[in-house]
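Some structures to go through are shown next.
Next, two complexes with subunit A in common: one pairs it with subunit B, the other with subunit C.
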Partner chain A sequence: MDRKATLSSYIKDEIMRNPKANLRDDEDLLSAGILDSLAILQLVAFIEERFKIKVPDEDVVFENFQSIDALSRYLETQKEAG
Partner chain B sequence: MVKKLLYLNGLAVLTVVLNHSLSWGYTALFWWTDRYRAVSVPNFDQLGSPIYYLFRALEQLLIFGIPAFLFVSGFFLAFAAGRGEAPLRWNVILTRVKNLLIPFFIWSVIILVLDMALGRELSVTEFILLIFTGRAADPFYFIPVLTQLYLISPFIVRFARSHWKALLLITGAIQAATVLLRYPAMLNLDIPLLEPLIANNRSFLFPGYVFFFTLGMVVGFHNTAFKEWLYPRRWQLLGLTGMAFLAGVIEWEWILKASGQDWIGPRETSIDHIYAALFLLTYLAFERAEFPFTRQLNFIGAKSYGIYLIHTIALVFTARAAYHFTPQLLGLPLLFLILLIACSLALPLILMEIVNRSPLRRYYTLIFG
Partner chain C sequence: MYRFLLTDALRDWAEKTPDQPAVRFSGQSLTYAELEARTNSAARLLIDQGVQRGDRVGIFMNKSLESAVSLYAIMKAGAAYVPLDPFAPPQRAAYVIQNCGIRHLLSAASRAGQVYEILKEPVELECLVGVEQVFGRGLRSFSWEQAYAGPSNPPDLRLTEQDLAYILYTSGSTGVPKGIMHTHRSGLSFAEWAVQTYDLVPGDRLSNHAPLHFDLSTFDFFAGAVAGATTTIIPEALTKFPANLSQLIEQERISVWYSVPFALIQLMERGGLEKRDLSALRWILFAGEVFPTKHLRQLMALLPDIRFSNLFGPTETNVCTFYHVTQIPPDTDEPIPIGKACANLEDLVVDDHDRPVPPGEAGELLMRGGVVMKGYWGMPERNAVCFYRRPAPGSFEDVFYRTGDLVQLDPEGNYRYLGRKDRQIKTRGYRVELDEVEVSLHSHAGVFEAAVYTVPDQQGSNLIAASVVPHPGAELDEPTLVEHLKSRLPFYAIPVRIWIMNEFPRTSTGKINRRELQAMAVQNLNGSEFQI
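This part shows the complex of A and B:
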C-alpha cells in the first residue's frame, strides 16, 4: 500500500471510524473536523510506528498535517533527510 | 513534548474519575454513615481520621485534571493556527465546538432523563437551563468553559504569538481574581460590596480557567524556547510542586476551620491553581523521562472525552447500588473507592467498545467525541 493510501486508510478507519468515508487527499483535515487535539497525537504515534521515523515537536504543525497530501509531502522530506 | 500530551490527557481523565469517586467516598464517610454504624447523619466523626487525610491528599494531588485538559486544548489551537502569522480560522473553531457540543448535549439529556426516572422533578425550563450551563452532571461545567475559550481563542492567538508574557500575566491575573472571589463563600463571610461579583462568579464561565488554556497555547507556539527553559529547572519545579501540594492540603484544613462549618464541598482554591500550573510545567520539564504505563495511559487518553462524559452515570449507579444492597461496603472506604473507580472506567470503555464494534461505529465521534 502506498503512503497516501496507508494514511487515508488509518484516518478513515481509526479516526473517522468509517472505512467507507469519502476522504480526498487534499481535504483539509482540521476544517472538516477530522483531526482534533487527540487525533493529531494519535496520528503522530501512528506515523512514527508505521513509517519508522521520528517526528520532532517542531514538525507537528498545521502545515504538515493539513491534509493527506501535506502529510505525504512531509514524509517524503523526512525520507530524503534520513 | 507533543507526544507526552496524549499521556497527560490519559492522566487527566484518570484524575477526574478518581476525584469524583472521592466525592462519593466522602458521602459514604459523612452522609451515609448510618448505613454501617448506629449513628444519625450527617456524622463527621471520621473527619480528621487517617482515611479522611488519605482522601484529602489524593484529592489535592489530582487537582490538575481540568487544567491539563485546558492546556492540551490550548496547545491544539496553537497547532491549528500554524507557523505563520495567519489568524486562526473560524471554520476550524466552529467545527471543533460542534464536535464538542454534540456528545455533550446527548449525554446531558441522557443523564437528566435518568435523574428524572430516579425521581428528580424538573420543569422544561430547568431541564434546558441545566444543560446549557453544564450542570446536568457535576463535571459538565468544563464543556461550556472550553467552548467559551475556543470562541475567544481567535482573539488571543496573535498575543500568544507575539506578546505571550503579557498575555500570561493578564490571563493569570483574571483567573487569580476569579478564584479569590470564591473565598468569601468558602469562609462563610458576608461581604455585601462583593455580592454581585460573587453571585455571578459561576464555574461554567471561562475567566476561572483562562490561564491554563492560554498557557497551552503559548507553550504550543513557543515550544522550543519553553523546553530549553524548563529542562534545567526540572528539579526546582518538582520541589515547588511538592510545596504547593502541601500548602494546598494545609490551606483547605484552615478554610474548613475558619469557616466554622462542619463540611465544605470540594472547591478549587488559589493554591490549587498554583499547584496545577506548577504540575503542568514540571510534567513538561521532565519530558525526556520515561513514564510508566505509557501504552495504557495513551489508550485512555485517546478516549478521554467519552470517559469524561459517561463516568458520572457509572458513579451514581454504583454508589446507590452499594447504599441499597451492600451498605457494609460503605464502611470500607478504600474498597468502596476502588469499586467506584473500576466501574466508572469500565462502563464508558465497554460502551465505547460496543459502539466501535457495531454498525453505530460511524457515529462514534458524535456520541463520544
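This part shows the complex of A and C:
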C-alpha cells in the first residue's frame, strides 16, 4: 500500500472509526473536524511506528497535518533527510 | 461614560482610541472604529431583516474577524447571540436553531455545505448572512460586504441591562442540549470584575483560544473590550497544534492567556515554550477543569515570571470563584483551591436540605449576584429547581443558583472543589453529561442497555468510554454505534471505545456496576494509544 493509502486507511479506521468514509487526499482534516488534539497524537504515534521515523514536536504543525497530501509531502522530506 | 450593555465599551473605545486594534485574526485586524462601524451596519441589516428585541440570532462559522462582528452586531440589534458549534452534527445544530427559534443566521462561505445540511432539517430560517448560495425556501441571503454597506451609526433601541445578550448551549442530561441564558448585566458584571482583577489595560493582548460557544470566550471578547485591549482570535486549527500555538503567543505578543488546562499542558509538553520569547506574557488564566498539580507546578517552574490564576464556575455563572496561584509545595499533588467568590457575588454552601453548613464542611456551592444566568431557555421545570430562593425581609427572595458543585472551605478561607452532585463530567475542558451520551446510545434500536463512564487519561483529565448490551438477536458493532452517535453528539462526547457485551456486571442490588465496567475499561485501554 502506498503512503497516502496507508495514512488514509488509518485515519478512516482508527480516527473516523468508519472504514467506509469518503476521504479525499486534499481534504482539510482540521476544517472538516476530523482531527482533534487526541487524534493528532494518535496519528503521530502511528506514523512513527509505521514509517520508522521520529516526528519531532516542532514538526507537528498545522502546515504538515492539514491533509493527507500535506502529511505525505512532509514524510517525503523526512525520508530524504533521513 | 456609563456602561450598562456589553456593547457600550466598544462604543466608548471607538471614540477614545479609534485606531487601536480591537480584534486580530491571522495577521488581520479590525480597529475599534472599524469594529464599531461594521457592527452598527450589520445590526441595521438584521433589524431591516426583521430581527426584534429579544430575538435569538445564530452564529455558525469558523473563527474569524466576523466572529467578533457577529456577536456585537446581534446584541446591537437587540437580540441574543447563540453561537453554534461549527463542528457539531447538523442535527444537533438544527436542534438548537429550533429550540430557541432562530430565524436569522450569521455564517461564512466555508460553512455553506453544513448550512445546506441544516436546512434539510425542520428549521425555520429566514435570513442568512455570509453564505450567498440561493437555497430557495424564501431564505434571504446576504454577503458580509452587503452587511457592511449600510449606515454605520448605531441603532437606537433603548436596551437595558436586563435584556438577553447571549445563550450558550451545553450538554443536557435528558439527551438534548440546554440553553443557558445570560443578560447584558450578567455578562458585563463578569467582564468588569475580570478587568479589575487582572489589571487589564489598553496595551494588553488577550488570546481567544476557546470557541464562541464556550463561556471562556466571553472573557476574551468582553473583558478585552471593557479594557480597550486587543483580542487575538486563534483559528480552531491552530489550537490543535502546540508548536503553532507557542509561535502565535510569541508573534502576537500575547500578554494574557486564557484556556482550559489541557491546552496549557499540551503547550508545555509539545509546544517548545522554552525556546520562545514570552516577554509580553504576564498572566496565564485557566478554567474549565482541574489543573493537575504536578503539571501546573512544572509549568510554573518553566515560566517563573508569569502569574497564574484559576477561574472557576459553571457557564451558568460565567465565573464565580478565583484563586491566584502563588506557590505550590514541592511535596504534594493535592489539587489547588478554586478560591474565593468574585466581587458582586454572595456564596453559600448548603447540605441536602438547603441548610447552610458550618465553615469547613462539605456541601453544594450556591451563588447569587451579578454574574448569574437568567435561566435555561424554555425549561420551566428545570428553572423551578435550579435556583434556591431564600426568604428576604419585606416578602422578597434572594435567588441563588445551585451550581451542583460540591465544595469545602479550607482554613485559609479558600474553597476546594470536591466533585459534582450529578453525572456531569469534564473531558479535556469540554462539559458533558454522561446521561446525554447514554440516552443517545439508547436511541439506537439495537441497544438494550448502555452504560457510559469516564476513564482517566494520564493527563489529569478524563476520556469517555461506553459498554453496550444489544437486544437479543440484534447485530451491533462499534462502528455502527459510533456513526449513530456522530449524528447526535459533538465529537468530544463520542466514547473513545464502545464495548459490546453479552451482559453487564451487577451490584448486589441489581444495578449496573459502572465501577467494574470502568475498571475493565482502564485495563483494556492500558498500553493503548489513549494512555499518552
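Keep in mind that, in the parts below, the second predicted complex is superposed on the first by the 82 of 82 C-alpha atoms of A that agree within 3 Å, B and C clash if a C-alpha of one lies under 4 Å from a C-alpha of the other, contacts with A are read in each partner's own complex, and residues count from 1 in each chain.
Here, a residue touches a chain if its C-beta (ideal position, glycine included) is under 8 Å from a C-beta of that chain, and two chains touch if they have at least 3 such contacts.
Predicted model only: the values in this text are computed from it and were never measured.
Trainee: Once chain A of both complexes is superposed, is A:22 in touch with subunit B (first), subunit C (second), both, or neither?
Mentor: neither
Trainee: For A:30, decide between first (touching subunit B), second (touching subunit C), both and neither.
Mentor: both
Trainee: Check whether A:60 is in contact with subunit B, with subunit C, with both or with neither, and answer first, second, both or neither.
Mentor: Both partners.
Trainee: Which subunit A residues lie in the overlap of the subunit B contact set and the subunit C contact set?
Mentor: 17-18, 30-31, 33, 36-38, 40-42, 45, 57-58, 60-62, 65
Trainee: Residues of subunit A touching subunit B in their complex?
Mentor: 16-18, 21, 30-33, 36-38, 40-42, 44-45, 57-58, 60-63, 65
Trainee: Under the definition above, what is the set of subunit B residues touching subunit A in their complex?
Mentor: Within the complex, subunit B contacts subunit A at residues 1-3, 5-6, 9, 72-73, 75-76, 79-83, 89, 91-92, 95-96, 98-99, 223-224, 227, 298, 301-302, 304-305, 356, 361-362, 364-365, 369.
Trainee: Once bound in the complex, which stretches of subunit A touch subunit C?
Mentor: 17-19, 30-31, 33, 35-38, 40-42, 45-46, 57-62, 65-66
Trainee: What does subunit C use to touch subunit A in their complex?
Mentor: 62, 86-87, 110, 236-238, 240-244, 262, 266, 270-272, 428, 463, 478-479, 482-483, 491-492, 496, 529-530, 532
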